[in-house]
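Quick one: structure below, then a few questions.
Order of writing sets the labels: A, B, C, D and E. Residues in every chain begin at 1.
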Amino acid sequence: MAASTEPEAALSVLPRADGSATYAHAGYTVMGSVNGPIEASRRDEHPYEAHVDVIVRPAAGVGGTRERHLESILQSSLSQLILVKNFPRQLIQIVLQIEATPENDYVNTKLVQASLNFPVVPALLQTAILALLSAAVPMRETAASTVVAVVPQGAKRLLVDPVPRDLEAAHSVHVLAFTSQDELLLAESEGDFTVKEWDEVYEAAKEICCRPRTLDEENDVGPDLRHFLRTTLEEKVAEDLYWK
Amino acid sequence: MPREIEPSLNEKQFVLQALQEKFRLDGRQFDQYRPLELTFGDQYGVADVAFGKTKILAKASAEVTVPYADRPLDGVFAIATELSPMASPAFEVNRPTETEVLLSRLLEKTVRRSGALDTESLCLVAGQKCWSIRVDVHVLSHDGNLIDTACFAVVAALRHFRKPDTSVEGGILTVYTPAEREPVPLSWLHSPFCVTWSFYGDRGEIAVLDATWTEEQIRVASCTISLNRHGEICQISKLGGTPVEAVALLQCTSIALTKAKDFSVFLDKKLAEDTKKRNIGGFMAELRSENDR
Amino acid sequence: MAAAAPPSLSFPRPVFAKLSPHPYLLRTLAPQVSPDTPTPKPSRTNGRAPHEARPVYIHTSSLSHAHGSALVRVGDTTVICGVRGEILPVTSIPQYRPRADFGEDDDEETRRAGRGELKDYDLLVPNIELATGCAPQFLPGVPPSTLAQTISTRVYSLLHSCAVVDAKNLRIWASPVVTKPTGCDDDADKMEEDDEEEEEKPELVAYWVLYVDILVVSFDGNPFDAAWMAVLAALRDTKLPVVTWDSDRGVAFCSRNAEKRKLQIKGLPVACTAAVFLEKEHGSETSGEENNRHWILLDPDRSEETLCGETITMVVDCEGGETRLRSLEKQGGTVIGRELIRGFAGVAEKRWREVKGAMSK
Amino acid sequence: MPLDTSAYSLALLRVDGRRWNELRRMHAQIRTQAAADGSSYLEMGHTKVMCVVTGPSEPGPRRSAVGASGGTGVGGGSGEAAQAEVAVSIVIAGFSSVDRKRTARGDKRILEMQSTISNALAGSLHTHLYPHSAINISLHVLSQDGSLLAALINAATLACVDAGIPMTDYVAACTAGSTSTYAAGDEAADPLLDLNQQEEQELPGLTVATLGESDRVAVLVCESRVQVSRLEGMLAVAVDGCKQVREILDRVVRDKGRRMVQEGTIEKGVGVNDMEID
Amino acid sequence: MATAQPLYVLPGDTIDPSLIPTHKKLPLRLGPGLRHIPPSAIVPTVAGQLVADHKKNSMWVEYNGGRYIPAPNDLVIGQIQRSAADFYFMNLTPFTSNATLPQLAFEGATKKNRPQLASGALVYARVVLANRHMDPELECVSSSTGKAEGLGPLTGGMAFDVSLGLARRLLMARSREEGKVEILELLGAEGLAFETAVGRNGKVWVGSDSAKTIILVGRALRETDDGKLDVDQQKKLAKRLIREMK
């Protein structure tokens, strides 16, 4: 549950799904499954492109409004990455099961919470992308995402992958996602901040999500997600093609 | 709504023929379970169970709430089994299928109505405040025999679970955070397990344990027997299907008892290992929380 | 604007708009340079300039039974918001836990604790109703659509993250000294003074729960901005009656003609939404150098929303002089990058002034 | 556990004066509704239910995923309807028990009973004769005094016979219990036949349905904690009880058939006629 | 065919032009996992290994997993869902929309006598037509020769699910050399009598008089697939299974 440990992931863990992945980072563990392209139900059918259906399920309690909100955020982002035009009238179904969230030993949190929790978004997004890759769903590009918090004082003003206690103290919390073309795919912030602060956050997040391969490693702003994604996939592909 | 396609005629015929020749597709004995795996999460009350390719995650959670008016001295205990499309695209969110209803009823009868959890111990302030214990069953992968797997996961999760410690002074309830006081286990009375038989043949003469999804689709009847290691039946349900000789059912029950005992031993072992593992970490944790104060 | 319709077309513009809205909007935004007519300024089908928002009209305290209410009109999007306070005794809060000290309210700890109170005890309950037949896609009397759920989640978290309502204004104390909701600041201060004088501390016996109900009367795009505006206006309009606590019977009551105290609201965060209109139809495969122009359409209407994938919502508050961002949501595309967001802050400021004007009217 | 251990051990008589292997008075009629394809009314003691069968006919528009037979697969009703679907619906009247409580529509207990009954009958009915069609069994509970599931199964069987749907044999059901609760570990506990409400609440018991005169069990439902050792005794008594019940059902059908032949009113129900001959 | 140092790609990666085969006459042919963005960019759409064949002037991305997507000339094993006037509706993978198989697309089928196949029957067929806008169409007869060429209904036996990768390897002309899968030959060599039909859609049909043999072949395939066994391990596996059987 430490702040910036290296993420862990495993691909194609569910034998009966077209694609699946688990992703664990900063206290969050998410299991993701992808089925598709499959037949879309009447109401989801789109004549020119595939319907991307995202279902987010909390670890405990029934999904509520905030899960719907998370779903809509992810749906709009993933539809950008998937080549939806390749599968008209089809459905690509992504189920994201939250298995663990970082615990805060200093409060007894309520089970059902209406307010959305940003920090889970990166874990969900990463898991979804890994699962999509495992399902070999054709995609335009990949993406990576992270959380940054602006905390009042302390060693660093910017905190990557803050733990719940930091979040309580934070002035503002930001979730950013970048495509593999270094474009800003998603930006969600809340709290109290200035454009300048956001700029700094942007820099830090970009550093993590799309660090150029050649870089000195002494300034550890956090994990190198793009590299992580690539190595994870290379291992998987190499294993799949063991016979070559 | 996408529907699960039935197995092909070839598969139906062959599986049956093989069973009549005493073979199963995966080479198992008729009364043999697939390899059983159980792993507990870092957090209390999380159990990840796998019977072969069937994977289920159960998570227990606790919350203070108001007791039901008609039973002011009891806590609230619920088992939620919502099957998501992760298990199979044939499951739609909040549209319960027969599979889902029967599963939740079986868990209800096996774990809740058999009094495995002492609900009176969940009462905090009579008629005002009590614990609401909830287990969420998440089917991650469905390759048959959801019932036995789910039941095992639920029992494992509940026995692993710790709820926040509380105190009541002068009618004022205090719920302590994990940092203030170590959480406490539930008061647990007995551990029931489900053992499900699948029947084949015109007279249901062939009986098989822990059927895979293919085998389940082809079976003509099934019977789930829930027992604990004390040899107490908590529930039996053979809900229709091809009739089976009464004597055969009695044999099934006695075999089921031995299986239940095996499960019980396995679970106790795993729990012991886990606590041993935690005590090391737990001690450090206490130190940490000390420093924090 | 005659040039908006290409010469080849023989049917009138409304038909064109119906048949192929995307090219139609495209033509109006990027008019063809034709010899006979002077090229007009790029404008949207609704006649607005890309960065031009619709005028705002706000009318408050129109509902007699609500403690606070507001009606907001942004173009043809009309939203009504009503705030209703209800008293919640601490005894009926299951997870209620008495706190030893309520420190000075400028103290960081306390403010956070206050936010905790609001969240844990659900003292602010927003709910939005879209299924009013306000637009073809929302039939009356159906379960809340994804959009409705999304908006109510956004409103809920914005209410908490902006802390427009301070928990201390919702606490109800049992003590002869302060049996009134500590409304305005001076009152609050007085309370604290009183505490110091009193040796026996006043006891926290109940909370006000604010039910914030939002009703979309007519829908023509950009529901969130309007909804949030309505919530804010309604809260600023909210007056809670003075409560007297009967400690013997342990019930709170406020007499018919009890004096009402204005609820104190911190700051004036204003939401500003824009959508991105791409030259090439969304997600089409003909990507390349050619035809990838785009326009940022401020305060999009319904027809525009259907044509745009990417959206940005920025919530700004310039009350304290400098511009502070309270929330930023950008999703559904990759056009809006760092520069555009920087620039958009300016647009949001402009919008903030417009809305502030409408509010103070 | 007041009644049994005290009273029973002395007089070997149960609260309602029955011996351990006695059924309660069982009364049944068929062809109670002229309008329906098949109908029945059945009493087991004070448990009173009626049943109406329509079909085999075109499957209705709203086919409930739950309580439709062949639902071994995910998603309920069988995929391509090679055989008729048996859809069961149970309505429990508000006045049927002492305290009038509304049963919620999605009540899983009732859904479970529905699917049990539909699967039990589907095992006996020759549904393969009616592809792409539905047999709708609707049951109404008028009064409850224990052994509800058994009564419902028996009523449904009668109604299906009345509807003239070919079936292998009767599906007859009844309950059995054991004289002392699981807590008391005494092996000397006697089995009891056909539990009433009071016994059902206080003693462990089970519901059994068998096919015809065989010992083959179509339904076995036990919802109470009980020692494994007791199962055999209870099961034996229950199976025996089912045979008695079958006799009763058979008599009901034959009497009705005979009367109809005498009255010369057999427009349908050829099945009844056949039985008349043998 | 595999380059000395395998090159792994992710969707959206830029491919070094030097890797793109250039050929005098033949046009460049793009296999699965690649898309062409005008004017000249070639971009991967899946994660896998980039493979280029300079002789055939073609390149594609090699990967395993995912759902089968029909492509012309693929051999598949379909299951009959239901039959219409002169079509069978076939299921290739669960939850996907049906493929169509004309009832006349069998060897020697005429208006008068066409094969009568029950729903649920398995058919070995070839994909004739597959594009994103229409349901795929199958045939069980070669349009050129008019012969079945091994296609048609599969009677008896058992169908096993395997990974798309293994199915593809089994279908390779020289599956032993290129696909490195030999298990079936090995079992045959051990004296097991069975026949197989491999569907590109991840299904392998095994037919034999002895159920025992079928099960054994099925297990052999599954273990080879799940365990990612190389040829030597396959040899061991074959030996072991045979021993178990005796």
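Just so it is clear, a contact is a pair of C-beta atoms (placed from the backbone, for glycine too) under 8 Å apart; a residue touches a chain by one contact, two chains touch by 3 or more.
Protein identities per chain, from UniProt: A = Exoribonuclease phosphorolytic domain-containing protein; B = Exosome complex component RRP45; C = Ribosomal RNA-processing protein 43; D = 3' exoribonuclease family, domain 1-domain-containing protein; E = Ribosomal RNA-processing protein 40.
A quick note: this is a predicted structure, and the numbers were derived from the prediction, not measured.
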item	value
Pair of chains ranked first by number of touching C-beta pairs	B-D
Of all other chains, the one whose Cα centre sits farthest from chain D	C
Inter-centroid spacing, chain D versus chain A (mean Cα positions, whole Å)	54
Chain C and chain E: spacing of chain centres that average the CA atoms, whole Å	55
Cα-centroid distance, chain B relative to chain E, in whole angstrom	39
Averaged-CA centre spacing for the pair chain E and chain A, given as whole angstrom	34
Sequence positions of chain B contacting 2 or more other chains	1-2, 4-6, 63, 88-90, 142, 175
For chain C, residues contacting two or more additional chains	95
Junction residues of chain E, two or more chains touched	81, 94-95
Contact footprint of chain E on chain A as seen in their complex	12, 18-19, 35-39, 81, 83, 86-90, 133-142, 179-181, 229-230, 233-234, 236-244
Touching residues on chain A, where the partner in the complex is chain B	1, 14-17, 31, 33, 35, 38-39, 41, 55, 57, 59-63, 93, 95, 97, 99-100, 103, 105-108, 110-111
Residue ranges of chain E in contact with chain B within the complex	79, 81, 91, 94-95, 118, 120-122, 154-159, 205, 211-212, 214-215, 218-219, 244
Touch list for chain C against partner chain B, complex	91-92, 94-95, 97-98
Chain A residues touching chain C - in the complex, by the definition given at the top	49, 64-66, 68-69, 71-73, 76-77, 79-80, 83-85, 107-108, 110, 113-116, 152, 168-169, 172, 174, 179, 181, 183-195, 198-199, 202
